[in-house]
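The following blocks contain the structures, represented as structure tokens.
Next come two complexes, and both contain chain A; in the first it sits with chain B, in the second with chain C.
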Partner chain A sequence: MAADPSWPLLLLDAASHVLTLLLVALGLAVTFGLMGVINLAHGGLVVLGAYTVFAVERAGLGFWAGLLAAPLLVGLVGLVLQILIVRRIQHRPLDTLVATWGVGLAIEQTIVLVFGAASHTVAPPFTTTVAIAGSSYPAYRLFVMAVALAATGFTLWLLLRTRLGLMVRGTVADRRLAAATGLPIRRLDAGTFAYGSGLAGLAGAVTAPLMSIDPQMGTGFLLPAFLAVLVAPFAGPLGTVAGAGLVGGTESFVSAVASPVAAQLVVLAGAVVLLRLAAGRRVGRER
Partner chain B sequence: MPLTRRRTIATLAAGSAALASGRSLARNGPVKVGAVLEFSGGLELFGQQARLGLELAAAEINAAGGILGRPVELLFEDNKTDPKTAVEKASRLIARDEVVAICGPITSSARDAMAPTMARGRTPLLYATNYEGGACDRYLFVFNTVPNQELARLLPYLARTRGSRFYCFGADYVWPQKMFAQAEKLVAGLGGTIVGKELTPFGVKEFAPVVRRIEASGADVLLFALPGADGITFIRQAEDLGLLKKLTVGFLGFSEAYLGAFGPGKGQDMYVAVPFVASAEATGPKEFVARIRARAGQDAVVSHYVMTHWLALTALARALEKVGRIDREAVVEGLEGLTLEAPTGPVTIGAKDHHVTLAMFLAKTQGDRLVTVEALGPIAPESGCG
Partner chain C sequence: MSREPLLPSLALWLALLILPALAPGWLLSQLAQHLCYGLLAMSLAWVWGQGGLLSFCQAVFFGTGAYLFALVAMGRLPGVPDLPLLGLVLAPLAAGLAAFLAGLVLLTVRLPTGAPWAVMTLVLAVIAERLAVTSTWLGGSNGLAGIPPLALPLPGGPLELVDPVPTFLFVLAIAASLHLLLARLIDSPRGALVRAVREDPLRAAHLGIDPLRVRLLVFTGAAALAGLAGALFAAQFGFVAPSLLGLGLSTEALVWVAVGGRGSPLAALSGALLVKTVEELLGAWLGPGWPLALGLLVVAVVLLFPAGVLGGLLERLARPGRGR
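Up next is the complex of A and B:
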């Protein structure tokens, strides 16, 4: 075998992978991690974001308009989803699981009907490269990383530093007490779910130029994102940041030194062990 | 009502008369052919391509007076890209619809799952997708390529023109593994080296580490066997990270269905070996594409899957006419050793191995098209069947 690729580049690749994963997991951290809704439609919502960019760009309005429209539109879809379905069965986790999975399938097949089954592409809005460690690194990847950091920062600020965030956390901590003190918990639920969905839309939109856009692309996102939320070493969205780092970092480095197959094995085996060890703690802190 | 000998005989006679009339009705009705294909669940793109070819073949057979005077009727079933569903649909077509044969499916897993059902029902399966080889049965016929047909001329060409250091990268399942095993043999014979071999699970979205490793290996040629959307994602990222400037991709399992998925001006100069090139200038392919587009629209994609599925049904009609009888065994007897004319030239079905010897074409991606580099002539399959 020839010389290994340089470490700065591997670090950059890993950071890119972790931050992309974080962006996808962030929405799930809100809907699943925070609200406890096992939202299997999350992958579908990511796909919807990617297709929004594709459709807006095809309509001649350009990439940036699509990037703006995706979180709004998908957030709206999330709102409708919450009001029509999730709200009614939220207290029955297994039913929620089946229902959101069904919604995911419906989204996927609707996309097949509207856009066809073939893969599509969205060209990156800029194709400049930056010279890093003797290699030319696509600037768009740096942009995706920046968006992931900004979205995470904004979400954390919203949750931890604003009155709205305090109300959301209060509702999560004790619904009955929150309701008794007059918090509009139904509207908070709907808004939180819509926000998490909007994040999924943003994730799909911003990563769209990096990959093939097809109706099934959500599946590849859903599993690692759930893992990132599940293995989060401590509660809350900040835990998800650590979880994404753990899952994405391991995957990227094992993939770099061994192979993608080994990476997936290590991540899944690691998740099983971690969840087994932390099972009691997790259940304890859920509610 | 007491059971008397007379009554029993009368009942039996009436019953068998009814049976006989049912049979004769089937004899005068259409020749039913099943098609179990992926119309949803992930591989609908290929299912749709197969359908285009089958429908054209059926229309042409019927316009020419049918099979021995009887029209052919296609019964399409969606297997939802799921082997279990494929088996259920096949059982129903065999038992209820009494089809003479079934075309499809696309995936090897569905084909392997269906094989015992087909053998038990003594009904031929006409499989027209490129696959890893080694599927051998009296009731199985293959109308597309096996690894050696894609690789035998592609690898020497790439070694000669691009360099002899090969890197193999593909999905972690049987088809890429068999492809790479065949490639290793061929590359050794060419005096080249395999500088790396690597498989990936499906659903991976981030290929940067793999791209770096391939780049560091100093390979001249990347033998690439990652089908579908993941393949498109890899090529996009390899392009963005500058890998495609440093080596040439030999894209295994390519078809025109991929074109346009890489983005304008991307994924250029990738080499493939295929049994059909839609942009070919020769009369045969040109007319075939025109016939498909007259039915399916002017911008319809016409990949080799369209041609091979057309070939499967057309061969079935020729086989039954050759034998002069319409039943399942006649399909098998007639197909064994049959030679027929495809848009790309003569195709011969092996009498023993049930795989096809057919013309192959070396081609490359250029602009938004796949263009022929060299007509390779007929290549016989190394099917792995005695």
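Up next is the complex of A and C:
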């Protein structure tokens, strides 16, 4: 990543890293931040999105059909997951963690069985480059950044400016009161979880051409995204944007000047410090 | 469940004790290694079931013990004589120290039982594995091979633990005594303190119990137990690799404990023995289908048997005649 020493390109790479992370973290922010469900299958759902694009492209339907199919399919998987599993154990957070980890493992191994353990590549739909600061930059990376920003904007709009978003926020604020006023909280739960899962599918699908995809890559997505959601300085999707900026920015900067392992250590240490500072404020959200 | 059931414990240890008279050597060697995994499961049951701290990094301490044993036994630690038995003593100390330091940092985040704690332990496991892979002193991704076996200083000359029967009996003796110790600790008033902090840290604090101190002690103690298990494993296996201290083994241990039952060390240990035995029988046949089955098994157990399969059975056995 740090092969090119030019600063504008380094900044652009960092922005690309932050926005990719944001896209993964956004889905987590919906399932964990809003519903309090710690979904360890989120990494597996991202991988599923990437492989959906791969399968659709291999079937000859092209990249764009895959990009459309991935969030829909993964959102559907999330819906089934919520109804069959998460709904029944949501009140036992540690069990939810273990069960969703099991689901993630099952998704990963199903992909191994169907597509094999080896890595695959997805060809980007366009290979044009843009001249930035005297060097050429792949336009597809800019497209991914735009998708991340658009998905964040759409989620914010949905949550803050629509009636549906108001109902979801009402359910988050006080479940019993929401149920008493006649809100369909079970359907809202299922829908929110499916939406968060769909975002994971979109994240996997749109980033698939940027790297080689393999069934094991889920954890690499899951951990930084979780840290981004955890260190979010304030609640809600905007907090996740800030959290992703903090984690992703630190990670790409330390990776560039030192090493990826050092970057992980710095991010973990930073997360501990931030959580400690935030502990007093968030004590009500324990468990 | 607070009391460790006596009869099932005795039955398991007696059944294992007479096994050398019946079973072939290869099975004994295999079981001796699985008993080490069983000790790891016991340590996780202590932290998770008793302490309420779901840990995704228990194998980090197993691996720390294994690596330390390897370093001592191979004479790679400057200033430390290359005595395998000394490694067996130092391994739990090193693992405990590592957990104490990690716990000091992570547990003071003050949200230890929820998602932040669990995710932090996940990250810790990933970092530990990557550190081991990048360290040339620890052999990098190849690990360390050629670890000498344990040698017991018996009156009739030192006995090297190479043959299956003495090795199995040695590991069995250690595992049974550690199980007895842990069961007594869990049944003691100190064990009740741990459960009090698990149930309601705030109320425990009001009663004059320091939740941080109790959690730190449990985390450290369980890590020491895992470290000893790791050292015993390395002594038999003769080889340590970074996979011993990563996320993979940590989550595998989580499966054993979830399937067996996290409430009792006996259930957790039996869970490990059971799952590992089934893996030996079916793993080769199922191939990549085995992890898939494992994932689905965990989901099913969490949904249908919240206390674990064996834990639920033991609870039912223990219920008549006893309140709780």
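Points to keep in mind about this one:
Operating definition for what follows: the second predicted complex is superposed on the first by the 280 of 287 C-alpha atoms of A that agree within 3 Å, B and C clash if a C-alpha of one lies under 4 Å from a C-alpha of the other, contacts with A are read in each partner's own complex, and residues count from 1 in each chain.
Going forward, a contact is a pair of C-beta atoms (placed from the backbone, for glycine too) under 8 Å apart; a residue touches a chain by one contact, two chains touch by 3 or more.
Just so we're clear, the structure is a prediction, and the values are computed from it rather than from any experiment.
Annotation for the three-chain superposition on chain A: chain B and chain C clash. With both structures placed on the common chain, the touch criterion links A:I85 to chain C but leaves chain B unconnected. Once the two complexes are laid over each other on the shared chain, residue contacts for A:L183 go to neither chain B nor chain C. In the superposition on chain A, A:L9 makes contact with chain B only, while chain C stays out of contact range. Legend: residue contacts after superposition of the two complexes on their common chain; A:L223 is shown touching both chain B and chain C.
Residue contacts after overlaying the shared chain place A:S135 against chain B, while chain C stays out of touching range. When the two complexes are overlaid on their common chain A, residue A:Q109 makes contact with chain B and with chain C alike. In the superposition on chain A, A:S255 contacts chain B only, with no contact to chain C. Contacts of A:A118 after superposition: chain B is touched, whereas chain C is not reached.
Once chain A of one complex is fitted onto chain A of the other, the partner contacts of A:D95 are limited to chain C, with no touch recorded for chain B. With chain A as the common frame, the single stretch of chain B that clashes into chain C is 171-179; none of the other options in 9-17, 171-179 or 315-323 do.
Shared contact residues of chain A with chain B and chain C: 109, 112, 117, 219, 223, 261, 264. Across the complex, chain B meets chain A through its residues 40, 42, 44-45, 48, 172, 195-196, 198-206, 208-210, 212-213, 215-218, 228-233, 236-237, 240-242, 257-258, 260-264, 266.
Across the complex, chain A meets chain B through its residues 1-5, 9-10, 13, 16-17, 20, 109, 112, 117-121, 123-124, 129, 135-138, 140-141, 207, 210-212, 214, 216-217, 219-221, 223, 251-252, 255-256, 259-261, 264.
Across the complex, chain A is touched by residues 48, 52, 54, 105-106, 108-111, 113-116, 118-120, 122-124, 126-127, 130-131, 134, 247, 251, 254-255, 258, 288-289, 291-292, 294-299, 302-303, 306 of chain C. Those residues of chain A that touch chain C in the complex are listed here as 32, 38, 85, 88-89, 92-95, 97-99, 101-106, 108-110, 112-113, 117, 219, 223, 226-227, 230, 261, 264-265, 268, 271-272, 275-276, 279-280, 282-283, 285-287.
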